[in-house]
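This is the structure I have questions about; it appears just below.
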Amino acid sequence: MGLLKNADGSAYINWGKNKIMAAVYGPKEVHPKHQVLPDRALLRTRYHMAPFSVDERKNPAPSRREIEISKVIREALVPAVTVEDYPRTAIEVWVEVLQSDGGSRVAGITAASLALADAGINMRDLVVGCSCGIIDSQVVADLDDTEDKEGSGDMPVAIMPNLNQVTLLQVDGMYSRADFQKAFELAIAKGKEVYGMQREALMKRFFEGQEAGMVEEESA
Amino acid sequence: MGLLKNADGSAYINWGKNKIMAAVYGPKEVHPKHQVLPDRALLRTRYHMAPFSVDERKNPAPSRREIEISKVIREALVPAVTVEDYPRTAIEVWVEVLQSDGGSRVAGITAASLALADAGINMRDLVVGCSCGIIDSQVVADLDDTEDKEGSGDMPVAIMPNLNQVTLLQVDGMYSRADFQKAFELAIAKGKEVYGMQREALMKRFFEGQEAGMVEEESA
Amino acid sequence: MGLLKNADGSAYINWGKNKIMAAVYGPKEVHPKHQVLPDRALLRTRYHMAPFSVDERKNPAPSRREIEISKVIREALVPAVTVEDYPRTAIEVWVEVLQSDGGSRVAGITAASLALADAGINMRDLVVGCSCGIIDSQVVADLDDTEDKEGSGDMPVAIMPNLNQVTLLQVDGMYSRADFQKAFELAIAKGKEVYGMQREALMKRFFEGQEAGMVEEESA
Amino acid sequence: MSMKKNYVVETIRKAQMVELLAKGRRVDERSPDEHRPLTIQTGVIQKANGSAIVTLGNTEVLAGVKVATGAPFPDTPDKGLLVVNAEILPLASPYAEPGPPSEEAIELARVVDRGVRESEMVDLTKLCIIEGKTVYTVFVDVNIMNVDGNLFDATSYAVVSALRTAKMKKYAVENDKVVVKDDVVPVPVEKTPVSVTMARIGDVLVVDPSSEEEAAMDMRITITTDDDGNVCASQKGEASTITPAHVLEAVDTSIRVGKAIRAQIIEATK
Amino acid sequence: MSMKKNYVVETIRKAQMVELLAKGRRVDERSPDEHRPLTIQTGVIQKANGSAIVTLGNTEVLAGVKVATGAPFPDTPDKGLLVVNAEILPLASPYAEPGPPSEEAIELARVVDRGVRESEMVDLTKLCIIEGKTVYTVFVDVNIMNVDGNLFDATSYAVVSALRTAKMKKYAVENDKVVVKDDVVPVPVEKTPVSVTMARIGDVLVVDPSSEEEAAMDMRITITTDDDGNVCASQKGEASTITPAHVLEAVDTSIRVGKAIRAQIIEATK
Amino acid sequence: MSMKKNYVVETIRKAQMVELLAKGRRVDERSPDEHRPLTIQTGVIQKANGSAIVTLGNTEVLAGVKVATGAPFPDTPDKGLLVVNAEILPLASPYAEPGPPSEEAIELARVVDRGVRESEMVDLTKLCIIEGKTVYTVFVDVNIMNVDGNLFDATSYAVVSALRTAKMKKYAVENDKVVVKDDVVPVPVEKTPVSVTMARIGDVLVVDPSSEEEAAMDMRITITTDDDGNVCASQKGEASTITPAHVLEAVDTSIRVGKAIRAQIIEATK
């Protein structure tokens, strides 16, 4: 956290082969004016992939996938931010995927949540994510790219661990009722593990006065 | 008419193989402000074709053809609307071509005119359209797609029938002076026939209290 | 100069095979408002090539090259304009390349500078340009298209001749320290020659009351 | 659609709804797991390869299928392409505007696309004409005609119904060349995925929210199931949360409610 | 160009014009069917395959032709392509802005395109090199240099003059391959369509309206005729009306006035 | 990044800087021709063919190379393609905004591209696989991560370092077909161009201006030299001037300062 000098808050995450930088600017004035929310902050998010982050070079213009993920990331973060504390302002959350692997959106949310904390934004809880899937009929957490393609499902989940609330849920694949529950519960459990690590990173940052840190999380 | 619940006015037209829905919103506030007309309403129009409305799938982005037709439709409707009754407002007319055949622009104008009436907008006259062309040296009204391609001309005309004024005229093709006059006069005559049917639809709507109707006009 | 009736100032230049029209509008109100500079004029420039100006038809949308050249042309002209005389206004400089040859940007700057003078904008000095390069190890001024491609360098330079200041410098190629200096000094010297012709054009325009003139400059 | 909501009215309406829902009642008297009347009409656009107009209450959606041929993606040389695209037409709502698809329309198209894709409704390998060279490309374009809540389900039903009734030209490969045949064949459809969307208002999940309920909802969840009751896609939406227990409840509701809707879709697309 | 008109001034000017026109006079002393001085200069852009600069009063338009090769449209495999594109340059008017073509520029290009296309001026079948595979593509790009009314006619004359003088590379087909030849051939031009635009101000139609007249006009009508006096394209513009009688009057005027202009174009492009 | 500068503060700061510089001092105590600490780390993105993260003071830039195959330009059938593209990420500065590349980002990418191209750093003829048909396309994409002045040099060092360490798939031509081989080969790099950027503040040229200095600078000049001390690219920027004498001084400084930086880049990319 705190790696980027200009941002009000930032966090870098290294998760599987994912390398993601998140930064927060704000609270700041809203432009254009007509987007001002009188009773709370406007949270802006962009999830964006570097052209070199994937196997085939990606066009730098935002794809439909990136636009959708930017939206669900916003909806996953807003519940944790006490937006009512910052009426008439904008809080910008930029998630840049420098290298992409399976689960980049949940890794991005996790980084963004740390960056919000680093920026000193008031929060009800952190938001942590984990992605589960099915490989060879087995429910598995934290799929990497190859597993993602070979497996028959991808279920990114983001939670507020202390409040036991789900803030993001997307499902791709084919799950029996029983497998769905297994995967979903595993994702939540893994998310809580991630939270332990996040909390540590935060404590280092705030209590040990460490200026810049890096969250390194190995895939399960 | 009145098929769409959210619109202030709407009309559906089934004309040859044309299937067109027109809807009106307004009078409403003008955004952006600098487009406000101090002495009259701003009429906005969009003529838009569904990707599946034509033989080869159409890209959903507006083509140059659609942009031009949106302009001539606007210029064909404004003379009939007493825009001076609604200063500083916007009236939006959306023409969606769900299936396209020869003469879709005049069918669209006819539907739009009914939708304006359905929305209770003050009008000097209705606007009705008809398209004529030449096939095998014969002047023919209301060409369908195939005739349009095989024929040697297309002449969409829109009129205000009671005021005997032309509000739209476009000509494609090759007409001798005499044929031009024949085609043009036939288009006007046919337009007046269409008007008869339109008036009926309107009377049903307003005097018989019918909530939703459909204008079905067979091609000549 | 003064060829275009609507523009506040204009100049046409015929330089090698370059055919360039430059026009100036302003000082005028700034839109959008938030771009207003409280203490000086905002200079806008666009360098734009006609689709038929080059060997292969150019897409009319601005290329990255045109965007960059628009920027360096702006930065080459601003130093010569007493922008502090026109606070809160915009001065627009449009450079249209009707036919392109080597050195079109410096020819464009030269024309733009004359158009600014024609518009009666206060200036510290004119801006004149010249382009040098290396062909067969020889430093040569004013390369045309073919030479540009065959040669091993292109160095467009714009100067304010009376103030002895460089306002544009771009270098492409491979120059030893000595060749660089030779080419650079040659560009400045040639620029001063161009200035002589420019001054003549201006004098004709203002003192002989000539309404429309044309600057014809043969390549060296 | 970026509804510019009137905050005061919204707050009052929401309080009323929460109160009613606590007693198990909805503003329009539906039970929590009851969807609005659903009508499905297919074959409405003759120039399309398949089409369906669906109304779900006052929400109205028209989907049209066009089948073309093209090149496959390099990494799936033996599979055809399926593209779902949605436009919320400006005539559908006072809040919709002309222009490139909004964030909402993109999410809508992608969620419906995933339900179709992940259920393996269309057998993409049967859309291959010559491996690595020529495949069918199936475009499903969706026109939202009138917005009154729950675009996700109405769009899903329209897309699935249009695909189930779509016919495409037959091609043969003769001497390595693609030759058009005179007859048409159905788009190879295997399953009938059904999406069921629920809104959470206060503590209650309600199926098929209307616009009025959407204005008051905290969270939206869409779950798509296939003929065997498998979950094949889901999407949580809106800037609020859902408890793990509610997620599992939503899955069960989706399977149960989806069954009846699937029967209606199959009946309408026979 | 979305002229931001000053309504008061406009109203007064218009009243004066209507009064003058009632007496058969125009502000610049032209008769109602008199166009402004027309000059045509061809071959002005050497890098273009054909070019012409046209002035009509103070309106100034430059058209350039570029010929490339490409693939034909699937439904017209034996025809070349003709593309007319217009840009109202920002230097042409205080109301023009840089950016993608405006609605006005698109209408302008399309109306001029139709006149050229429908008159069959260019024989597109002669632009075919290999049926279904390779054809000539003729781009005509128009730069509006100065706006003083009646862009339609000035653009049409510039496009027609540029095409009439355009030369393109010759291609031969040898062993199924396209081979460039050393010599050039004229773009295959058969006719000389001429567009005549009239403005209705009050009850009078005037030919070739200036900017001043356009600011006061109610309606604009463009009629394009060919060498035999056939009508091949027309476009009514502006948010007002025209009577059927005026339409027929405009056709006759267009045929009559067009004849002299055609002679001037043919003379200038010999 | 269109810095919205506070004019009063800017004027005062600038006066202070000019005063200090007159005494040969900079606000951060560097000497006029001293650059900030430079760090270079390569191989940071495994999915890229080459990558480097460079910090120059607090300016931070990440460059990634991706190599694909494609068709050559018709006029250079025997040469591969090299494309440099830069994005100033919104997280890099409070003044950066998401969206298509700004004028600044385009200039940045093009100036760095010219340094690489004109120095003949990459031998483009060695990127040809089949003349006229298949060549390597080398994309270098640059992410600006943190803006603190002198993006030109930081970007140049990142691009050059990423290219120097880039490896690409080997292709063979067998029976006129391109076949992928198992091993990788380095991108054919011949030289190490080094860009040195100077700002003029008042009468003094300073190397590697920080954001603070850029806010006060009158003019910027970037000069790129190769291993033999040849000038291969230059760009003057900002809306002010430079004297001819200063240009030559800047060339000499660039050659001198560039030498040490080149050694550091070579060392970091061994």
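We just call them A, B, C, D, E and F in the order they show up, numbering each chain from 1.
Please note the rule applied: a residue touches a chain if its C-beta (ideal position, glycine included) is under 8 Å from a C-beta of that chain, and two chains touch if they have at least 3 such contacts.
Everything numeric in this text was worked out from a predicted model, so none of it was measured.
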Report summary line: Contacts shared by chain C with chain D include exactly none
**Report entry** Touch-network distance, chain D to chain F, counted in steps
**Finding:** 2
Query - Greatest separation from chain E - chain, by CA centre - result: A
**Report entry** Whole-Å gap separating chain A and chain F, where each centre is the average of the chain's CA atoms
**Finding:** 32
Report summary line: Distance between the CA centroids of chain A and chain D (whole Å) is 27
**Report entry** chain B: positions in contact with at least two other chains
**Finding:** none
Report task. Please list all residues of chain E that touch 2 or more other chains. Result -> none
Query raised in the report: From chain B, heading first to chain D, what order do the chains fall in as you go round?
Result: B, D, A, F, C, E
Requested in this report: Sort out for me which residues of chain D touch chain A in the complex.
Outcome: 7, 103, 106-107, 109-110, 114, 118-120, 221, 223, 226, 229-244, 247-248, 251-252, 255
Report summary line: Interface with chain E, chain C side, in the complex: residues 4-7, 10, 17, 19, 21-23, 25, 28, 46, 48, 50-57, 60-61, 92, 94, 96, 98-100
Query - Contact footprint of chain D on chain A as seen in their complex - result: 38-39, 43, 64-65, 67-68, 70-72, 74-75, 78-79, 153, 160, 163-177, 180-181, 184-185, 188
Query raised in the report: chain C touches which residues of chain E in the complex?
Result: 44-48, 51, 58, 60, 62, 64-66, 68, 85, 87, 89-94, 98, 100-101, 139, 141, 143, 145-148
